[in-house]
Every structure is written in C-alpha cells, then in structure tokens.
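One structure coming up, written as structure tokens, with questions to follow.
Chain IDs A, B, C and D follow the sequence of writing; residue 1 opens each chain.
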Amino acid sequence: MEERSPLQNRLERIVFGTDSRAGRLFDVLLLWTILLSAALVLLESVHEVHVRYGRWLLAAEWTVTILFTIEYAVRVWVSRDRRRYVLGFYGLVDLLAALPTYLSLFVPGTQALSIIRAIRLTRVFRILRLTTYTREASHLLLALYASRHRIIVFSFAVLALVTVFGTVMYLVEGPAHGFTSIPRSIYWAIVTLTTVGYGDIAPRTAFGQALASAIMILGYAIIAIPTGIVSAEIARQERHRRVLSCPTCGAVEVPETSRFCPQCGAPLEAA
Amino acid sequence: MEERSPLQNRLERIVFGTDSRAGRLFDVLLLWTILLSAALVLLESVHEVHVRYGRWLLAAEWTVTILFTIEYAVRVWVSRDRRRYVLGFYGLVDLLAALPTYLSLFVPGTQALSIIRAIRLTRVFRILRLTTYTREASHLLLALYASRHRIIVFSFAVLALVTVFGTVMYLVEGPAHGFTSIPRSIYWAIVTLTTVGYGDIAPRTAFGQALASAIMILGYAIIAIPTGIVSAEIARQERHRRVLSCPTCGAVEVPETSRFCPQCGAPLEAA
Amino acid sequence: MEERSPLQNRLERIVFGTDSRAGRLFDVLLLWTILLSAALVLLESVHEVHVRYGRWLLAAEWTVTILFTIEYAVRVWVSRDRRRYVLGFYGLVDLLAALPTYLSLFVPGTQALSIIRAIRLTRVFRILRLTTYTREASHLLLALYASRHRIIVFSFAVLALVTVFGTVMYLVEGPAHGFTSIPRSIYWAIVTLTTVGYGDIAPRTAFGQALASAIMILGYAIIAIPTGIVSAEIARQERHRRVLSCPTCGAVEVPETSRFCPQCGAPLEAA
Amino acid sequence: MEERSPLQNRLERIVFGTDSRAGRLFDVLLLWTILLSAALVLLESVHEVHVRYGRWLLAAEWTVTILFTIEYAVRVWVSRDRRRYVLGFYGLVDLLAALPTYLSLFVPGTQALSIIRAIRLTRVFRILRLTTYTREASHLLLALYASRHRIIVFSFAVLALVTVFGTVMYLVEGPAHGFTSIPRSIYWAIVTLTTVGYGDIAPRTAFGQALASAIMILGYAIIAIPTGIVSAEIARQERHRRVLSCPTCGAVEVPETSRFCPQCGAPLEAA
C-alpha cells in the first residue's frame, strides 16, 4: 500500500466526509454546481436561449465540466480503495458526469447526455441527512417489491389485452383511419387503456368507436387493480410496523404505543 | 386605550359577531355580495358580455368595491385590536378585496386580480357554522399532512422520471416532431405520465411511440402509489377514531378489542 | 270508493303483479318494448339511418308510444289508489315516457327527450328479483352517502383550485392562445386537473406550460383523496358486516363464521 | 382401445410432458416459435417492412404454419384421449393457431387473425412452472370474481350516466359541433367520463362546456368506486390469508388474534 500524504487525508475528509465544516461546505457547493449544470443542459436545448446566450452557456458548460474533472481526479487520488470507488456506482456516475462535454467535441449533439449528472443529486439525500425521507422512500420501494409478482402478472395481462385490442382495431379501422399497422394500433390501445388519449389516432367507424368505448371502460375499471394491490400492501406494512407481541400471553396485534398487554394485562417492557 | 363609543360596540356586534339577528343578516348579505363580485370578474372576462354589458359591469364593480371599502374602514374602526386585525389573515384579505379595482385605474388589466375576493368565502364556513364540514376538511388535511414525507418523496421520484424521459424523448424525436427543447419535452412527459394527454405534442417515430407507451403504462401503474398512501392513512385515522377511552386513567386511543387498558393495565368493562 | 270490476282485478294482477304467469310475461314484454324504444331514439338520431329508414322508425315510434299510452291508461284505471300512482315516481315516469312523441307534433326536435323512457328500466330490478344486485347497489350508495361530507368538502376544494388556476392561466396565456375568458380558462383547468386533456385548449407559453404541469401533477396526486375516502368507507362497511359480539364476554370483532367466542370460548348461538 | 406404439409413448412424453430433458427442450423451442410467429404478424402489418421483406415474412409465416400443423397432427396422434384433447381448450387453440394462414389463401387479409397464436403463450406458465405467478394471478381473479356483483352494478350505473349525458349533449351541442348522433354523443361521454379525452369531439358552447365539466368531475370522483371495491376485496383476502389453523379440529380461517378456536372452542396454543 502506498504512503498517504497528510494532504490526501485532509482532502478525503472534505471530499468524502460530511462531519467537518469544510466537508459540509464542499457538499453544499457541489449540490449547487450539479443543479446549475442540469439547468445549463435544459437551457442549452431551448433554441431562443441557445441563439442569444450560446457563448455564455458554452463557457459555463466547460467551467462546470473542468470542475467536475478536477473533483473526479481528486476523489480518485484521495480514496483509500481506488478500485472500489472507480468501479462503484458513485465513481461511474462521477465519471459519466464529466464525459459528455468532451465527447461533444467529436460527436455533435451528445451534450444532452449531460443530464446524467442529475443522478449525482441522489447524493443530496446522504449529504443533507434526510433520514426521514430515505426511510419513507425505502418503505415505498419495499411495498412495490413485495407486490412485484402481482404487478408483473398485471402488466402481462395489460400487454395481452392491448395486443388483442390493437390487432382487432387494425382489422376494424384499417390504415385509412390512421391505424396503419398492428404495432401502431397497439400503441393506440395503450394510449386509450391508460386513459392518456392523445387523439392523434382516433376511431372513426361506429364499430371502432364501440370497441374503443369498451377499452376505455375496461381501462377505467382495471386501474383499480394496481391501486388495490399497492393500497393493501401499504396498509399491511403500516399494521406490521405498529405491532409488538406480548411476552406474557403471546398476544399479537399489540399496538406499539401500549404499555400493558391488551389481552392479559401484563406490563410490556419498552422495546 | 381610546374611548369606545356605543356605536362602535353596536357595529362590532353586527360586523364581527354572528350571535345577533342583525349580525347574521349582515353576514348573509356579505356572502351574496362576495359571490356577486366573483361572478362579475368571470363575466367581465367574457368578450361578448364585456362588449354588450361593459358599462353595467363597470358600475356594479365600482359599487361592490366601494361597499367593500366602507366595510373595511368600519372593520378597522370598530375592532378592539386594530393592529391584529389589519395585519391578520382576514384583515389583509379584506384589504386585497378592495384594492384591485383602484389599481386598475392606473394599471389596465389588473381587474382580474379581484378574483382574490373569493378567498373571503372561506368566512362562510365560520358564518354558517358548518362544523361537520370543517371537521372533515381538517381530517383530510391531517391525512395529507401525516403523509407529507411520502408525498414529497413520491413527487421527487416523479420529477426525476419526467426529466429523464423528457431528455431521452428530445434526443429520440427531436425538434422536427414538436419536441423543440428539453423543458418542452419534460412538459410533454408530465402530460403523458399524468395521463392528461393533450395531444398538442405526440411522438411520431416508432421508437418514440414505444418509449411513450412505457411512460404511459408506468404512469398508469404508479398512480397506485399516492392512492395507496392516502388510503392507508385515512384507514388508519378511521381505526384510531373508533376507540374507547379508559375509565381509570382516561387514556384515549384504546383499540376497541382491548380487555385491559394498554396505558394503565386496569381491566376495561364491556361497553 | 267506486265498485271494482273483476276485469280491473285481473288486469291489476297482470300489470302491477309479478306472481302470476301472465304478469311475468307482461313484465318481460314491457322490458323488451322499453329497450326497443330506447334503441329507436338512438337510431333516429343517426343521420344515415334517419334518411333511409325514417318512415319505419316513425311508424315504430308511434306504435310504441300508443302502446305506452294504452298501458298508462290501464295502469291508472286498475290501480287501487289512483292519486298515489299518478303522482308517484313510477306514475310520472310512465306518463313522461309517452309524452315526448305527442309533444314532437307541436315542437320539432323534442323526440330525443324520449330517452327518458330508459328510466323505466329501473323496474327491471324489481321484475327480475335481482336482489343480490340491488343489495350491492344500496351498499355502494351507502358508502357514498356515509362519505358525503368529505366528498362535498373535496369538491369545494377542487372548485376553488380550478377557479384560481383558471384565472391565473387567463392572465398568463390570454385570449390569443385560446384562453378567451375566465370561465373558459376554468373549463380548461377542469379538463386538465381531471386528467381528461382534450387538447382543444393548451398552453403555449413556457410559463403557462410550467403552471399547467403543476396542475397536472396536483390532479394526479389528489385523485388519491376521493379514492382513499371511498376505499376506507367500503373497508369499514365490510368489517362491520362481518362482526357479531359475544353475549358471554362482550367481545366485539367476532367474525360472523365463528361458532365459539374467540376471546372467552363460550358457544355462540346462531344469529 | 387401439394398440399404442412405443413411438407414440415416447413422443407423448416429449410433446405433452415436462419432466424429461427432451420434453423441456421441446417446450422452450415451442415457446420461441410462438413468440417468433407473433412478431411475424406484427411486422407483416407494417407497410415499409411488408414492401421490403414481404417474401421473407411469407416464407417464415408458412414455415411456422407447417411446423404448427405437424405439431397438431402429432399431438392428436399421441394423445391418450383424442376426443378430450381435440375438443378441449388447448386443442382448439392449437388448431386455430394453424388455420388462419391456410384461410388467407382463400380470403385475403385474414392473416392478422394469426395473432390468436399468442394465446398459446399461456402454456408458458405451465411450462416454466411459474407457480408464484399463477397463484398471484388466481388471487387477483378471485378478488375480481368476489367483486363481480358490485362491478356489474357499477358498470350499469356508468352506462346509464353516459346514455343520459350523451343524449343531453346531443341536444345542447348538436350536429354542427361534432355531436352528429346520440350514439356518437354517448361515445364522447365515455371518452370524457373515463378521462381519456381524445379531443376529436369537444363541446364548444358555454353550456356544453359547463355540462362537460360536470361529467369530468363526476368521472374523476367515481373512479374511486371500483378502486375502493377492489382495494377492500384484496385487503380482505390478505387478512384471511394470514390465519392459523386449529390443532384440535383442523379448522382454517382462524383469525390470528383468537385465543380459542372459533369452530370447536378448544384453546389455541400461542404460535
């Protein structure tokens, strides 16, 4: 293992740590730089802004990119386990945050890829110690994970439905009314079943409209299913979070605010 | 403290109070004047009505404004704690209800701001003693407040999704198909994910339509999450409301299946 | 009281009763006549059908109308309490079912009012003894009725939101972009908040689109509230329907399939 | 009963069985052939693909069809109870999977019917032993089945609503604004109530827009009803699934808070 200089240790505390004042300041500055660079990408894509402030945006873009490059180099230099950082999630994101601007020198139009920098914002949860929010997020993800089998089954059913409906509508309405191919008809069926309804393709024959009505009412009704699945799952989680069991009588479903067992009256130790 | 005249006391009972007959009558008249003035703002904005009845509307507008001005002056004059009324919520709203018409003399087109008067209607809940409705409203707000962390996390996830999808669609479809900038593509992604689907911008390439389909199905599925959150919260509130209270220690929030008080351990009589 | 002839009694059993064979047959014939007459109204309104089969439809329309008129006369003649029948719900509906055709002789275009005949179909529930369905319907209505205060509060909040958003959008976008008046802007806000999204009016300025995005996400989020309200109410009903209480130990929340009390073990009498 | 050759028995294990290696291989190959043939139907319908690769697609189509025909013949030959297979669900689907291509020789344009082959994919659940998914699917179907009465009642109410609203809108807006007939107006009402909102037909009069707003808010509110029904049903299922069984009488469906078996009264040991 190579010798670590005191500078490396000091920079490590600033760049990776969040417990020193300098470390906190660095994190907040980083946060604003990321937000600024994301805003740059959005503005760059607006034609009027590009025409009028293109030069300034380009300068700001390169400034941010060079800052990110320096930051990446420092992070690699000061990290104790370089391989783990470079190949880890945050290491790759930090690298990808700097690359697109360099890439745009050779392949024009790839600048929009810089939006990938927004992923760096997930650091903000760690930086600002938003533990309440991370816990809630993990609860929601857990509810989705626990419902994954049902959601997959439901998605397959939806895909089957739109395939069948799309094919039938292709036969009923035909290319003359905008249903130019089965894939496009399936796209229309998805637009309809999910109640989005762009109106770029719409049935014009009486039978097609009757069939479309059936799809709409179906879509309106089956939206109840994913909602029911997730509701039931969140409600179940809620219940489980609030339940202890009594060590004296073994009663379950004891609310977590109880101090005595509601079934046998024995005192409960604070958990 | 200045001397209060008997007229001040009598007007106070009428203007602020709701227990005398004159006070009730004043409140009801005020209610109708507010509704009338809101209707005036709506009608004023309709071109045909403005052309034909513009003079009448203007007269009515000024009548209402002068009435509101007099009312405001009286309220200031008769209130016992002027500072508190003038700087309080209702004082500011009462002032703002009269201002826009005067302002429109100097800055044309600001008349529409008079719609702010509608806020005065919240007084109606107090006037009509709609306690059932205020209680239900506070329950709903409580359910939303209790779910605030989850709703914020969910909103951030949605914002992240539409940013990513919007950027990708900008790259896929490009300005030629209406996706003229990343912010506009994000707007499109929101229109699609929330299943609104105006159709003012719609994907035209096969790959863009496939991606749009993915967003739609996602939007159709994740609407389950806020619904699940709020459902679970309301159901939890419901359960907690159906509780008994302990006759020994007075504890509330005792689940109705308990045989012993979960707070003090005293046996509960069957209700 | 006038003397009732045997014919009156016999016709009464057929027309009002459902226990004789002739009565059942009459009800089924009536059911089909009503469905046919509703179909006539729908077909009549289709231009191509009207042009080609107008004469036949007119003949059928008059046949049905005369049958309904005779039926109404018979019902009045044979009913024991004429005043109650004529002024009651079914009496009025029976009268209104026949009137529009006669009215169309004097006022053209009122024929479409005949669709009111469809209300007569509610008789079908009584005729076919669909008790399971009527019970479920009354459960659903009960859930809605129990949630009425919350639904009214929610509707007021939605109306307030669309009024505010509509007015702001009128100021932001203006008549040039289709937001020609405040009422029309409120209409647009409703179309957007409810995620219908016709696209007949759509914001075109950047700020208008940002504001519209806010409305969409809000509409997408607050749809959770009515759903949560009704879900919680139906779940509460479900629970209450399945619960007895133990006569020995007074335990509540005893599932209705239990034969012994789950709390004290005492046998439960069959309810 | 006819004599079965050893070849028949060996082929039966491969074609119908899933326990031998050859049987598994056959099933996986079949799975991919079905997916390929479905993709062929989709591609065939895209005009550009048809023009450029039409000959190849036709060849592939016939190859798949002949493979399916041979497979069907083999299945008939080797099955122990031919009548049951041929007239059963899978037998009919296997036959229908091969027919459309032959039919397209006589009736052009019927090729798209081949999409029916996708139904064969339901075999995949059996083949891949996706028991978790089949169980979840049956749970969801059970929840829908248990809610069928309510869903039918709800659907009838929705149909009644759109018929009434459609007729009124036909009278209010008239053919000049796109509401050319009552059936078409009902189609519009469905598009609006389900919040799809194509925008191909949209109200233009002030009164029509007010009425449309009412339908939208109604549609936005009553979507809560199917969701509430299914949520409550899934939650109920969830609760019933988390039960113990009585060690004395073997009764299932014992709620987990019970201390005595609700069926036989025997005390339950703490689990």
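Definition applied: a residue touches a chain if its C-beta (ideal position, glycine included) is under 8 Å from a C-beta of that chain, and two chains touch if they have at least 3 such contacts.
Predicted, not measured: the structure shown is a model, and the values here were computed from it.
Annotation: the chain A:chain D pair of sequence copies touches via predominantly different residues, less than half of the used numbers being shared. The rotation that brings the Cα trace of chain A onto that of chain B spans 90°, given to the nearest 5.
Of all the chains, the one whose CA centre sits at the greatest distance from that of chain C is A. As a whole-number value, the distance joining the C-alpha centres of chain B and chain C reads 30 Å. Centre-to-centre spacing of chain A and chain C amounts to 41 Å, using the average Cα coordinate of each chain.
Residue numbers of chain C whose C-beta contacts span two or more other chains: 154, 183-184, 186, 195-199, 219, 223, 227, 229, 231, 235, 253, 263. Residues 38, 41-42, 44-47, 109, 112, 115, 118, 132-133, 136-137, 139-140, 143-144, 151, 154-155, 158, 183-184, 186-187, 190-191, 193-200, 219, 223, 226-227, 229-231, 233-235, 238, 256-257, 259, 270-271 of chain D are the ones touching chain A in the complex. Across the interface of their complex, chain C is touched by residues 195-199, 227, 231 of chain A.
Chain contact summary for the complex, chain D toward chain C: residues 149-150, 152-154, 157, 160, 163-164, 167, 170-171, 175, 180-184, 186, 192, 195-199, 202, 206, 209-210, 212-213, 216-217, 219-221, 223-225, 227-229, 231-232, 235-236, 253-255, 257-265, 267.
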